[in-house]
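Here's the structure we're looking at; comments come further down.
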């Protein structure tokens, strides 16, 4: 690459400047297919859903996709919204920031008018500016880090309880059961750490209960003897595990094997049938903070049946939230009588009493649920069932 | 790598004849042609998605060219290269956010931090053989990521988000996707050119000498440890700039972006493209970063395919698809004055 | 304190079993077999597949079943190791180390994502679980399964030591690690011995995989990555290429990690382990038991 | 006459084996000295001690009166010692010209910024490097292609390139480790002539060589080693008559004896 043509550099820079200016003016040459086509009045209304399809969170992504698809099918059967059909545009994020940004951009390019995805908080965060710039509201069904709304983006709505609300629920249950000492363990992911720190500060502010241990483990390992040692040393009445089920199962098992006599509670990321399988015999009696799942809801049998009929499998974590996200999106579009982002946002802010699995919906000023809808589940015979609805 | 027409008396038998295609590929203008294509593509397709994918690919090219300095030129197998990008991205993100500065002003700090990182990672590894080196760099990569995950200044596991853009003057915002793409492409092109030129300088030769035979290089007065450190430092700075672009592009930095897999992907780009040949590496990087996007639905299998590809390429073509050819022009100018057999006693 | 030592010892015996394979292969062909940790993972999944296809096993038979499954898994992982050597590493003998190392990284990826494609990315619960009483000894909680597994590990290591020290193949291995060309001249079938080395090393890792599955109860396709790195660290600490060193290194690393986690907190454990590795490699690259070798100019 | 190199009581041991055990000799400017001895006598080990690749257990190496014992090879090379290796140590994937340029690394003339910006200084220095590389290839009488990788060259050609590389270092002292090994009669005559011309440049030569004919004809003094010990140091005539040398060579049953007779 000898420095041959000095002129060609100038030429290239000139071209670049030229192109840049033309780029700013919108669709570059020939007005290429920039986003926003479907804001027109014809064709289906597209809903973007950026969720993990590959990677270690892929199973949850599948539950979410099915839940959303179920809602889309039902609404379409009932005539759609504003006389138009709905269409789901699913993009993979693999729980990775770079892929989620690509996925979000792809959704924007495909002309979605609203986003109903978002599972991994760390991957959902960088999507916000992209959707914001494209004037696309986001209804986030699963990701629940407080950071999502802390940036104050107007287009972000969370319909899963936040870490804060989950912590409040945990504290309420802890006080109700009169656990005197608590150990908090997270897996060093943003979701998990969020709940840990939030619970800790709430418990300390409350003052009735004592946090005897707050620690992190590294996800993806097999041997958690060091945290087991710490817990055995601290002798808490309750261990609250805020991470995911893979490690949760191992820690429950290793704690029980070490003869831990106290109770164990897990956060919603660990609410998965595999938890009990991995944890083995010790899993029975483990509590969980979780929003209502179809399994635990009274009167959800019909819904479960139609889910089973459509996908030939049981619904899983976040199926309901994704289902509700799509229904909520449809409702907001109906109220706004438009697919314009700003109108939908106004409509979402105005919604009051919209019935969801977690109860009637109303957004707070920061666009989170006014009530988290968290309940306490317990494992019986390897299955989660409702223990306490905290009402 | 550029070839002139051979006008010497030297025998040509040792040099494979160049086919028209390979002549095109060896052409001096190839770099400019590639740049022109990169600059023209948005004219045809400019959706946010395509711009995003192409920007990501361009950043990946920058990383690969930086790793090529370390692995391709100097022969130091680095399995933790992404750590340098992490250092750059975090430095830029933390400073830009703390002082609400456009990212462009964090460049000096990023250079300082990445040079330091290069020294810290480089210094203890200088005495190590290649396989130990690989493990130690991997260890450093993991240490960097876990540390970023555990510290609060780096935002812990959620990382840093809401990072300001590169630069904004009035209505002119470099963060506009199309503008940002052009900025990225030009920055990356400059760095690729710089790396290619370094490769053909005194320092670049010293790197190759060290790669080929450390003892012989020492015997020629080359301080192998200084030369290796230089390779690390340059690699680190390249990675750091990749980090700035990464932070600007995603507006968020989190530890999950710097896992071992990412280091391995950059290494694959270098190896598949052809270690030591900047052009091959650029192609390799484009393939590695664009292919998965093209095969988005097959994402479960992509690492399996990559793994098998690595083995197959190494077994059948250990030098990569487009390796450095190792030829240069014979004597230019006064070919008549050979002084060949001068002083030979017969 | 005693608890700490016991926990370290237990994890260390897993490291040691895997470190042995690393060390043997490195000793004989100077290859850092990056895919070795994934053989451990493969072993666990083979065990999983065998047990699932057999169906339910009563808990009373679990130890016997475990031993049988372990043998099957050892045979298969050993064969896999031989195949990998034959297909991926042998064609590159004499190639630059960089090329071989990259091949090893490629093999590692192929194994991980091959299993992920076959068995799915979700973690699996291992079909049998070693359960047993916990008793307290000198203030440390020790469980029966831990003792059983450590006995199995110790037995395998003793057998290996006997094999390497006393049999002709073992002598050939040691000869090749000293000088491959001379061994070739002395009529040793170098390729065969290398194959056997891979078989034994991989079988040990496979055994460790099944043991981990049965003890911890969860397996996933990335389980070999971190432990592979740790085992390599163990091999280096003990003195790579040295069989007793690998065993010692595994136990030492187990201790070091247990203490590191205790002092700095669990989330810093890996940082601590890697820092120790880097310290060892830079300050004493020959490890605790290794001999100082002058490199030839 | 200035003393270029002075080796004083050099010792090095590997494990229990003393590879070099008390070697002392000195080299004057423009002098050609041969170090001979049976295989395994410690000649190459001595070279490696002098050039810093081994750290001697005791003894001293002085270059122009300055102590260079135990310094890094690169520092010793910079101080003015260049060498070739017993088994060619060229850079096989690099071109002939690049290999010779390796010897010129210490010339400097450009830095990394020059390289990135392609400053005139850079272009000048690159042109100078190339010209100089051609000069030294011409000097050693290398006649093959120069833009091709070393791998493609014959053994004899590679030997030429290695000497050209060492000469490009422009040092006052050149250590040649078995330069004539594997060469035929004509090539050996060329080597003889080359060494004379190197001496005319003002460079002293120390060579390890088994070819007695070459050694006797070329060197002014000969140092004889056996089992690490220095058993003789003198003119070719003196060494030839030294009983200890004769015993070292004739007392052993190896090819040294044959070549000593055949070529003398």
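What to note about this one:
Lettered A, B, C and D in written order, each chain numbered from 1.
By our rule, contacts are C-beta pairs under 8 Å (C-beta built on N, C-alpha and C of every residue); 3 or more make two chains touch, one makes a residue touch a chain.
Computed from a predicted structure; not experimentally measured.
A comparison of the A-C and A-B interfaces places the larger number of contacting C-beta pairs at A-B. The central chain here, found by comparing per-chain C-alpha centres with the mean of all protein C-alpha atoms, is B. For this pair, subunit B with subunit D, the centres built from the Cα atoms lie 39 Å apart. Averaged C-alpha coordinates give centres for subunit A and subunit B that are 36 Å from one another. Subunit B and subunit C have CA centres that are 34 Å apart. Within subunit A, residues 54, 58, 188, 216, 218 each touch two or more of the remaining chains. The multi-chain contact residues of subunit D, meaning those touching 2 or more other chains, are 53, 85, 118. Touching two or more other chains at once are residues 146, 149-150, 197, 215, 300 of subunit B.
Interface residues of subunit B, counted against subunit D in their complex, comprise 8, 10-12, 14-15, 194, 197-198, 200-206, 208-209, 212-213, 215-224, 230, 234, 324, 326-332, 338-346.
Interface residues of subunit B, counted against subunit A in their complex, comprise 1-2, 28-32, 35-36, 39-40, 42-53, 56, 146, 149-150, 156-159, 161-162, 176-179, 181-182, 185-186, 193, 196-197, 249-254, 256-257, 278, 293, 296, 299-300.
On subunit B, the positions that touch subunit C within their shared complex are 71, 75, 77, 79, 124-125, 127-132, 134-136, 138-140, 142-143, 146-147, 149-150, 215, 260, 264, 267, 271, 275, 300-301, 303-304, 306-311, 314-315, 318. By the touch criterion stated above, subunit A contacts subunit B in their complex at residues 1-2, 4-5, 8, 12-13, 15-16, 19-20, 22-24, 27-30, 32-35, 53-54, 58, 91-92, 94-98, 101-102, 105-106, 108-110, 121-123, 125-126, 128-130, 134, 145, 147, 151, 188-190, 192-194, 216, 218.
Of all residues in subunit D, those touching subunit B in their complex are 51-53, 72-75, 77-78, 82-83, 85, 89-95, 97-98, 101-103, 105-106, 108-112, 114-116, 118, 122, 125-126, 129-130, 134, 138, 141, 143-149, 152, 165, 169, 186, 189-190, 192-194, 197.
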